[in-house]
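These are the structures, in structure tokens.
Below are two complexes that have subunit A in common, paired first with subunit B and then with subunit C.
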Partner chain A sequence: MELAIGIILGCCALGAGMAMIAGIGPGIGEGNAVAKACEAIGRQPESRSAVTTTMLMGCAVAETTGLYALVIAILLIFLAPGRLVNILVETMNTLG
Partner chain B sequence: MKKLDETVKKETLYIAAWTVILSAVMESVFLVTGLWKPDVLFGNLLAVFTAVLNFLLMGVTIQKAVGRDEKDAANMMRFSQSARMFMQLALTALGVFLFNPAAAVIPLFFPRIAITFRPLFDKKKSGTEE
Partner chain C sequence: MKKRKYSAKFKAVDAFLIACMILPILFGIMLYVMFTPESSGIEISGARIYFTLNTPVQPLPITESQVNSWIVIISVFFLCLYLTHGLSATNPTKRQHIVEWALEQTKKLVSDNMGEFFDEFAPFVAAIMMLSAFSSLITLVGLYPPTSDLNVVGGWALLVFVLITYYKFKCGAVHYLKSFAEPVAFLTPLNVISEFATPVSMAFRHYGNILSGSVISVLVAASLQELSKIIFGKLPGFLGSIPFLQIGLPAVLSIYFDVFSGLLQAFIFAMLTMLYISSGFPEEDYKAKLLKKSAVKANT
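Coming up: the complex of A and B.
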């Protein structure tokens, strides 16, 4: 029983860590977008406001991908272990 | 401290307004389904605060990065994204742990929904200007 609970907790932690790998992508993407925006503003300084608005919205959209990973990780850390252990205990009780 | 850029201020207000409106809709859904409890409201408030603070910090970073050279700007944005992700992780974990998990997580996606609606309002504005 302890071994099964340990495996469940370990797998949840491992899954949360793996989910957070998706958090790397938005950072790289946002960095590239901002670098290109700096280049564009350097060429045409009068377009600063329009470029900033578009970039803000683009970065917010890009960040949603990371947010999905974050939510999955949080659910795996805080909610999944308790529920899975409960299911395991109930199953063990039913089987006797 | 540098003053907040007018564009960043305007966009943050737009996102904040939409997040509050969508949160009100979510609260009413909880009320109608009979699942409403005070922890739903507290979780929602914390999540709205997190979502708007994240957007504001992103705007401030972009405002600061725009004046720098390309490499510096990219590194600054990457560091900011990691820091904001940790901030969101901490605040959302607090919300999930102390309050209603659904109410503490769902409002984080409201800025994305607000951005989806944005072209509709831009079209309307440009239509009235013409």
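Coming up: the complex of A and C.
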């Protein structure tokens, strides 16, 4: 029983950590966007405000996949262990 | 321009409006203090349930995020009343200049991004932006931000989704259904999925940003507490119990996560609202339809 609960907790933590690997993607994407925005401002300094707003918008949209991973990680850390342990205890009780 | 003199009645109304702005926040802090159990460590938890209403269908929990968003609504309402109190065309007050500047900026933003057909959308966009911004900024007084609850932001995203669908329906149901089969017919399932992904991604984006900020702040604060316990724990007397490292550093993080991130997400939410609504609306076809209608009327 203790071993099973331990495996559940450990695997939930491992899964949360693995889910956050998705943070690499938005990081690279946003870096590219900001680099290009810097180039654009360097070429045309007068279009600074328009470029900045567009860049922020694009960054926010690119961030979405990272945030999906974050939501899954949060669910795995705060919600999943309690639920899985409850299910385990119930099945153990019904089995006797 | 002569200096404007305020009468006693004007000042009294001003004081009343300011009190109505601040009192709900104090009420929220009081509720928070009353319902928070005493705990030693720093913990990460969702919204607390203040009380549960027994409705015939199912019990309805009134949570912290709900109460806090009502507080924000009341405060912003009285803030607007305060700012627009005593408008005059010949002798404007300081706050009137602020209001006029904000109004002009909002109108410019909406007409730049949505086109002239949607000019009357400025109040709606401004309302969403204000509500979102102040909901995130309420963390500065120590209350739970309603935007870090998925239910609140999901409600807003659902409202935006209804508006998007309404404007897509402007050309009739057939046109709306046909728009899913574009550009090629076999892409229909993908189009349907992306239609429903719009509100989901909007809600998750806003909620995830605010929640991740608060989680990281709490983690940093907790780790600094432990670290200062290790480093300064050997000091004699009460000096050992003061978490020196916790002074200052979390405030810098708070400026980024609470103020900058909150305002940026409010702006992005309003921006995406405008873009989705205006891009979903088939303006050319609608104009053609109106022309056809007027031509038919002229013939008969």
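Just so we're on the same page, the second predicted complex is superposed on the first by the 96 of 96 C-alpha atoms of A that agree within 3 Å, B and C clash if a C-alpha of one lies under 4 Å from a C-alpha of the other, contacts with A are read in each partner's own complex, and residues count from 1 in each chain.
Note that in this section a residue touches a chain if its C-beta (ideal position, glycine included) is under 8 Å from a C-beta of that chain, and two chains touch if they have at least 3 such contacts.
None of the values given here were measured: they were computed from a predicted structure.
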- Query: A:14 contacts which: subunit B (first), subunit C (second), both, neither?
  - Reply: neither
- May I ask you to decide whether A:55 touches subunit B, subunit C, both, or neither, giving the answer as first, second, both or neither? first
- With the two complexes superposed on chain A, say which partner A:30 touches: subunit B (first), subunit C (second), both, or neither. first
- subunit B versus subunit C as contact partner of A:87, first or second or both or neither: neither
- Message: I want to verify the contact counts: of subunit B and subunit C, which reaches more residues of subunit A?
- Response: B
- Who does A:67 touch here: subunit B (first), subunit C (second), both, or neither? both
- Taking the superposition as given, does A:78 touch the first partner, subunit B, the second, subunit C, both, or neither? both
- Message: Can you give me the overlap between the subunit B contact set and the subunit C contact set on subunit A?
- Response: 53, 56-57, 60, 63-64, 67, 70-71, 74, 78
- Query: Hey, which residues of subunit B end up touching subunit A in the complex?
  - Reply: 5-8, 11, 15, 54-55, 58-59, 62-63, 65-66, 68-71, 73-78, 81-82, 85, 88-89, 92-93, 96-97, 101, 105, 108-109, 111-112, 115, 118
- Query: subunit C touches which residues of subunit A in the complex?
  - Reply: 53, 56-57, 60, 63-64, 67-68, 70-71, 74, 78
- Query: What residues of subunit A sit close enough to touch subunit B in their complex?
  - Reply: 23, 26-28, 30-39, 41, 48-49, 52-53, 55-57, 59-61, 63-64, 66-67, 70-71, 73-75, 77-79
- Note on the structure: Interface with subunit A, subunit C side, in the complex: residues 44, 46, 201, 204-205, 207-209, 211-212, 215, 264-265, 267-268, 271-272
